[in-house]
Amino acid sequence: MPDSIAQQRNEPDFARAGERIYALAAELYPICRSITGEGVRATLGLMRRHIDLDVHEVPTGTKVLDWTIPKEWNIRAAYIKDAAGNSVVDFANSNLHVMSYSVPVRRTMPLAELKKHLHSLPDQPDLIPYRTSYWVENWGFCLPHRQMAALPEGDYEVLIDSTLADGAMTYAEYLHRGTSEQEFLLTAHICHPSLANDNCSGLALLTILAEHLAPLSTRLSYRFLFSPGTIGPIAWLAANEANVHRIRHGLVVAGVGDGGGPTYKRSRRGDCPIDRAMAHVLRHGFENPKLIDFEPYGYDERQFCSPGFDLPVGLLQRSRFGTFPEYHTSADNIDFIVPRHLGDSLRVIWRAIEIAESDYVPINLSPKGEPQLGRRGLYASTGGDKEGPARAMAMLWVLNQADGTRSLLGIAERAGLPFHVVRAAAQALTQAGLLGPAPAA
Amino acid sequence: MPDSIAQQRNEPDFARAGERIYALAAELYPICRSITGEGVRATLGLMRRHIDLDVHEVPTGTKVLDWTIPKEWNIRAAYIKDAAGNSVVDFANSNLHVMSYSVPVRRTMPLAELKKHLHSLPDQPDLIPYRTSYWVENWGFCLPHRQMAALPEGDYEVLIDSTLADGAMTYAEYLHRGTSEQEFLLTAHICHPSLANDNCSGLALLTILAEHLAPLSTRLSYRFLFSPGTIGPIAWLAANEANVHRIRHGLVVAGVGDGGGPTYKRSRRGDCPIDRAMAHVLRHGFENPKLIDFEPYGYDERQFCSPGFDLPVGLLQRSRFGTFPEYHTSADNIDFIVPRHLGDSLRVIWRAIEIAESDYVPINLSPKGEPQLGRRGLYASTGGDKEGPARAMAMLWVLNQADGTRSLLGIAERAGLPFHVVRAAAQALTQAGLLGPAPAA
Amino acid sequence: MPDSIAQQRNEPDFARAGERIYALAAELYPICRSITGEGVRATLGLMRRHIDLDVHEVPTGTKVLDWTIPKEWNIRAAYIKDAAGNSVVDFANSNLHVMSYSVPVRRTMPLAELKKHLHSLPDQPDLIPYRTSYWVENWGFCLPHRQMAALPEGDYEVLIDSTLADGAMTYAEYLHRGTSEQEFLLTAHICHPSLANDNCSGLALLTILAEHLAPLSTRLSYRFLFSPGTIGPIAWLAANEANVHRIRHGLVVAGVGDGGGPTYKRSRRGDCPIDRAMAHVLRHGFENPKLIDFEPYGYDERQFCSPGFDLPVGLLQRSRFGTFPEYHTSADNIDFIVPRHLGDSLRVIWRAIEIAESDYVPINLSPKGEPQLGRRGLYASTGGDKEGPARAMAMLWVLNQADGTRSLLGIAERAGLPFHVVRAAAQALTQAGLLGPAPAA
């Protein structure tokens, strides 16, 4: 019989798990991903060494909600050479050099014309920006501004050896089945090329989390979704519209390897169980937590929280996206993420899962006056001791608040105590016959 | 076909309008007004050069709610002369010199007796106070404290050439008809003599506003009411009790020419559409806005917000009344009000009217996932750009929040964006077929 | 006919009452009380000189809710003597020296064995701690840490001349009958030995309050309960379960003689009339008020606020319990409490009683527009006076808010005015025929 998540010995060693997440993120980092193509498949191939993914291919042209699956993009090589044939920019050095979804090009052109297709960051002159053009056919190169500004006049040879053709969009799922059909959705986007925090960190963290859950028995089912940003969730929602009511909790996971936050962005509803659980977890056990309200910009929570679905899905990040200078540049590299932060991010999610697994509405079976804890061995025998009462405080809170109107999490919130302390008190009271589950409403 | 207020080219030039309001206030300033009498009629006569007023005369003795229309008061001359026949105080110099509703007097009396009828301000010794005795028959003079303190002993000749006799109380209305019978009430009191801010400013501002609205097509009907403080609204409410349900928004306008605030005092209900609109307008576009809760002291909102009516009527002022030293003294003169502030006060009301005219509950017609804005030309085509998304933010907010539960104003509040930005986004989305009006509840 | 509490001349002279409370507390202070025994009976005997108490004896072994009445404990003498026969600790010097409910002992033992039964406070080395062992049979002595640390090796003679035998638990009630069966419960614990603030202060204050109420006519009935902590209210609730619905307001009174606070701890419900009344009283008229939310630790409100009863009972203290260094030590002596603070604490409760007695839901009988206060002599006759309106402000608030949805206390809260000011305004308006009681809902 599998072990339950509620048994503490099944908790991951977060430090060690952080190292494993980092190692996987480092493997994923070099691959050139986009919203379609072989890069996504190669990424899923590495993740499959850990978990048994169910891979879906959605053909080009398929209608999904308001969108259409685009052509598949692949790239083999790209460069700019000067008139002397010296390499100026080479895709082999960084896959950020080529704007994602660039159409094939093989031409020689003067600098003035080339510049219309060059992207750089004047304020961060040593970094390569990240650019895409998924929905308008175009091509472009990205390079450090200092380098671009120094390009001499003259003719340049431009090559982009890419293909944009009918194919498919690829995404993958992994379902950990619990005793209930109710689901906890955990999802990360799989469309960014060599950006380590955004989102190799999220892909690797969820893979290692799924691997750790695999042998454990859970109440909820855990659905892991790895799909390209925006079009991926759109396609998944289109295919699974009949089943989204099963999603009782959800987290979009992105940018979980840097040293900021942790930051939780609430779901559109703002007061779902996942919102309350995440707020509780961040407040108890993390030094610099940030809680922000939903806004319709960000990651794939935009789709899950569109008004026609309005699912209980929030976003976990470390630094809030767009607020750190490395965001969407070549500085978001494998040195920007840190095993310790990845392990800590895993700990956030694990604590939320613990709450989702074990929260329930208790009821005091001896509600008139306080029951005599002392004769049940639950209370210090010597009265008057100033410290003794503190030890029984969690039990007193549970007894006092367990009137069938609130769950353990609600009691923990009211008492200002960590969930696990309240849960332990509830377990002791249950063993003493003083507490039971409230009848279903 | 008349132009609509929603067309921006119809917006007043607020600087120029401020000059026109000031000019009219300066014309109204010298007139000796009280709650009845020829001063009110003369004031309305000047305002009629701008708008077609409907003037009502309510006879003395008419019962109006808990009150009775008093006798009509008129005054031709008044003075105090010393024993040598030198003028000490002369009504011809300032109509504040005579307590409003003073009964006729023609006597000689010693200083000690006279002093029982003199009013001054020891803390503001150079200013003439403003005093009234509408409901108790009495007479009095108001003068600078410095002058009063210096009066030598002796006999004084006192003349008040006034009449207090059966007549009428005068008030006036102007109705700008919209396509709906729902009304926006705009009202100012017309009972104070030479006090420029309180309330020549309000009378002049509403007159010029009415004049500007006249050629425009509106959804709401706009009712302008100019009546003496307290007894005026009491009489109007008594006569119009059956129709007050039409009033969906209302503003009492008083003291709108000084440099304070702007200050909005909420209606008794506190969360009416006018309260939310005014809070929004003041927060977006004014430097030193003040929002205060309803209290049962102030201007004529007291009557509209009495519990038997409880209408959605708030108060717009600049400085909060009673908080500036010029209040109810001769220092509230024509130099105390400023065209720029008058124009700014008009801008406050105009913005609130814009919201009242164009707010509605939108509904997202493509609510499942985000619709693809890019192929409709509503979204920057190059992804990854850090700035691009900000341009689409208002559209994303409207799409995300347009679930039929909140109006454009509610979306603007939730998004922290100005109403006009949200309205423009809604217009663009409507043109793209993505947004419609919610069906009536 | 007895006088009503609403007549101000019946208000106690709080300074003088504070002296009387102090004198009674000083009489109660030397008695050795515990949760049962002659000490409780002797205490009630002194209180009976002031009020006609109804004393109850609950036999040992009686089942009360989840608890059982314990054996009765009495003590005549106790000491520790050294090998030379010198007295080391003597119960005759302080009844705190013996742990309450110590079983009889008469033995000689070496220091090492004795020390297992000694209690002291290393951080407060000159004070005797207060310790009890009601529910586990044990014995012990309490002494200053400095003294204990200096005890030389050797044999010690130990005597505790106590009895622990079948008997009864004693508690007492006093009921002041009002015209209604609705009750205001006022209760203090009677189980602590020589601790002056905790709770001779509460016992004495409620006794003097009851004595003062005796000749007065009241609307509510006032139930005074003096019972040992925890087991007392448990027994009372068990015996009176059918009648607790009569309790509309309740206060546990403990530690009301020190200079802190006053502190009010809200009932479990948090927004009962007693919670609102106490918050109002503390905000209007006390310099350093503290309002704290319910928590399931403290005094006997724990029992009244257990979820099976959930009564509207809060706690009045001065300093919050456990936050002052004298708490549960010999420093909580008769010098720690002060007549002025006791009188002030009485004033808090008196003000709450005034609200409970006289609060009601008024209704404006002239709700359309403001009624004309002037012709009823309720308003200054000369308008324009800057000060005049303030005098009528409370009347305007009552008229404006008296729509049948809120009581006088609710109006006082909304207006930010003291309850007595609002009540006086309501009386004036009632006399003028403008205000009546709202029909029962």
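Every chain is named by a letter (A, B and C) in the order it is written, and numbering of its residues begins at 1.
Keep in mind that, in the parts below, a residue touches a chain if its C-beta (ideal position, glycine included) is under 8 Å from a C-beta of that chain, and two chains touch if they have at least 3 such contacts.
This one's a predicted model, so the numbers in the text were calculated from it and none came from an experiment.
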- Query: What is the Cα-based rotation angle between copies subunit A and subunit C, on a 0 to 180° scale and rounded to a multiple of 5?
  - Reply: 120
- Would you kindly state whether over half or under half of the residue numbers at the subunit B/subunit C interface are used by both copies, giving same or different? different
- Chain centre separation (subunit B, subunit C; CA means) in Å: 54
- Mind pulling the subunit C residues that touch 2 or more other chains? none
- Query: Which residues of subunit C touch subunit B in their complex?
  - Reply: 364, 366-372, 374-375, 381-386, 389, 393, 396-397, 399-403, 415
- Message: Could you list, by residue number, the parts of subunit B that touch subunit C in their complex?
- Response: 65-67, 99-100, 129-136, 138, 140, 230, 233-234, 237-238, 241, 268, 295-297, 302-303, 305-310, 322, 327-328
